[in-house]
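So the structure is just underneath, and the comments pick up after that.
Labels for the chains are A, B, C, D, E and F, by order of writing; each one numbers its residues from 1.
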């Protein structure tokens, strides 16, 4: 089984970290292919960049010329998942949703700890749309930018743990979701410090994608995610530079 | 006051119809400028096309090199409004929301009549996110594609009236919103046939945009719609072809 | 175009302040007529007074013997709007709702800062009924009574700014609505102190009313707001004293 | 114990029917006093009339000069209950709410069958505000006006049973609430025809009021229902004619 | 009229206290019979114990061989009420719901103060299922275990009052529900300390049960609470030991 | 990895069918152990039987004396999952929830087709509690009892397909969940007839359980699902017969 794990930003080192994290939980026989968009921002921390990412991710997948069995969109709270579902026949899994459905099996309520305060509403909005908001206790910001996570993992853990504790103590969360693709690998440390289960969205998404493939289930094509109608499109897929 | 009315598809004749409709209600002294994206689909009828539109619209606005006072995104149920709000200091008005807030002043519940069945969930999702869903009685599809509206306005009116009547009689709507930028100009006929107020989103949006400008109000920049952080972006604004 | 701006209390100086505020944003050609009820309380700060206001406002409008194009009910969180909609053919705009729909174009969430703590639930209830509650971050009380606002505007600004800041910092509001007709004119100062857009309900309502008139839209009469059935009524309109 | 049962319309025969129905279930030692407003409409079938009723009912209670232990507002879906709660120290029970809380003990979901279609939204709105809407399956209109119920009880039963059956079969209601004070006495017939429990709001309210008195519980005065502040009121209580 | 008041735990002294509290408000002619399950935990403070209680309570009622008119399940936030409703023809009243519907007549919002933090989600879940959550301001834990309440009532009052005050001041509750059957008799003291109405669930349930019986209303049998189908059951009612 | 798949009824042939279905999708190295409760009903079709099942399942698991890695509760819409979560350290997966979270990856809205009409509210209630209701389009009953499914699979498919079609056409479901553990093996036929993805809850639960184990995630013990406190329990685990 081959699963494409698509980064939402254009930073190759983030793609590599995400793919490594995915491989760490992939089943034997699952091949993880990391893709990096050629279009968009080096880090996605807002709506405009997230809309660019939606197109960048769709382009990266459209351009991939080998067979694959599922796609993971590895951005937390980002736009674009529904477009991929129209474009493809294979399952598409968003890490925001994979983290949430996984967390909901582990506790009565969960919280998300993300990067900057400005991305909190994006995540809340995606959870609302996905119908996964009712048991979300809070979305909290660590105050760290996406690329700072990579540069200073220790500071990242400290900031995330601080918010995770507040989520548990003040918001009554029982599970923490790490709300950024770039937080891959920090889950163990946060779990050790907070004493609650910590869900990494990328790893959760790998198991969801594998599960859907194993169950032989694919995206419903009767309505919302039917293939796009045949029509004239300008500029997509993006032209070669 | 200059208001940019941005079509979400690449069909110039639709832009012209939208702009004409906007001008018909614009206040004296308001200049309406219609913009057509260079990127995206000739008609937007699904999520993938809608994500392309988000980027196409942002690009069209970024490329516009004259001063302006407000922007109207003239697609019903489309992605992208939040990105424009980050990118700009002037007010941004989505016609889906303008139609809804206008309708809510006129009746206890409103319905939207749109084009294809597949676009119904997009509109419902946007109303949910905007917090304008509680008094939405239904979103109904006429079964007509966007470009069919333009080609056969009589058939369009018949199909829209049929669904509007069901919305009033079965779903208890008291107001109808025309759920497609391309339905501009059909409101009078639908009103005559159904006996309830009919809201055209583009025209409603013109008055909302003018109102915000007149009140001196602009998008809040403290959190969700703060300007994008300075960072490396690949491929946007789109390159000249 | 003539718009009636109806105060909900019997204090003429408040009516005058409201009307002046309305005139400051009215379009050229819009005549603002301020009306003061003859029935009810000198300030409305609770449900009983608000129900009296509903009748006082309806009476004031019924008694007005010149043509008019729209009515604004200039009380925040008050009862009565639906009754006016039945009684009249022209649009009726409540300032609570006008402030909310305006605020929702400017930020992801808004808060209302009102007078006394006891009026908070009235405002919350009106927003819930209007279907405008989902993006309301909070309704906060400044602790000042309605008539204190007029007597001591400086203290009013201080108290309002204090709560507005909490709304932004603790409740994640991105826009503030001034939740009392008597706060007219304070918006600029609050905006300067908080750095977020501040919406004055009366001024917002003027632009909404003008917009509805300009769009040729009137209240739907098919169901909820149909004209009252012909029947015997005792004591209304109120007798001359 | 003395309970005031206040009709919302000015028709004395309706007051008498309501009071008789109340007496039929009152506990030994409970005195039921029926009050008829001097102000308002002969029947309440819309918002304007309902706002008049709010004042008419408050006036009737304010004018009553004997001691009493509780007040029942005997109109279905009407405005005014919160004002009475501020004005009085004794419990106030609205029959819309008493019917709903009673019904919720008897089945998973309940429906209300009321008079005219135009009153449906009033009832829905009151249930929403009261927080009793989640288990309401539907509010259905029999199409009969309030005073027609009195004139032709057989036709009333037929029309109510027809809608009650639809509520059970189509909306999955398991209990029916009779949604009009004037339907007093029809519950047995509707129950016999539909096979589900039928709740009469007036009778339910009598038992709720007696219960609150017996438990020694009165309206909370800490916030929403605190006594009105001392201030100048014009025209209320209404002047003697 | 005979009402069975069924304790959810196996501690006879708790049953006696509950029954005494029930008798204190029962109408003349109402006989209160306290039942203690033979199966389950000495105190119920979690889901597993609560599921055992559901079976223990059903067994205690099934085994009771005298006629009775209603059943009260005297556990706060416990499982099992729906099963009793299927098993019986007479009304079944859960004290969680009786406290909530009673509180909702007394204030705009209510809070529940319960025992241990771990039982908070159980109570929230029951209120959500019952459709009584919208006006619940909060569920707060005193930190005392069920059996500690009995052993040290003074400490219990202090801990409950402390949380009740926070509920009023921080969560804007206007009424307090005592969220444990074992808190019977503490309501007066908590009311004296907090100044808001305090509802004892057992006593509220007695009046609800009496009311339903007096109104001649019984559980709807058309769907959810129809009698169980005839089939083979192993081990229930529980065997004699 | 060993997963216990616990039937909720006492019919061994149903356990065997469920276990076989589970084995069909289990990963290599996963051992599926089917358990049948000794306590409860031969089929679970209502609340009382469901509460018995909660205890029967807990007893069956408590009595199992070998190590295991996860537990699947294989009843649709049944009580009990939260109790198992307290009792165990390993993950517990309810098939109602596993079907729902799986379906939500495949379409915008899903429906459940279950057995008897009386079980519809149980399923709706569980989805509400689990926070998975927002994207549930409907729960529909085929009208077949649990044990009829086994006796007459052809008739079962016909009845299920009929309701599944209505779910797609009338309720706008895009995915169907088979709402009974006893429907194992029917998914392929229903999918072929309806053209939409069909989710079998047992099979979905196997992949969820395996995923949680593989991710090293276990139930949060900080609050709701903390281990039961040490106390006296009567009669549980159930005595040997």
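Basically, contacts are C-beta pairs under 8 Å (C-beta built on N, C-alpha and C of every residue); 3 or more make two chains touch, one makes a residue touch a chain.
None of these values were measured; they are calculated from a predicted model.
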D-E, E-F or B-C checked against A-B; over half of contact pairs coincide for E-F
For the copies chain B and chain C, the interface residues, called same if over half of the numbers are used by both and different if under half, are same
Taking each chain's centre as the mean of its CA atoms, chain B sits from chain D at a distance in Å of 44
Averaging C-alpha coordinates per chain, one finds the centres of chain C and chain F separated by a number of Å equal to 52
Touching at least 2 other chains, the residues of chain A are 108, 120-121, 172, 223-225
Chain C residues touching chain D in their complex are 10, 37-43, 45-52, 54-56, 58, 79-80, 82-87, 117-118, 120-122, 125, 128-129, 145, 223-226, 228-229, 231-236, 238, 241
Chain A contacts chain F in the complex at 25, 27, 91-93, 97, 101-102, 104-108, 130-135, 168, 172, 174-175, 195-197, 199-200, 203-204, 207-208, 210-212, 214-215, 217-220, 222-225
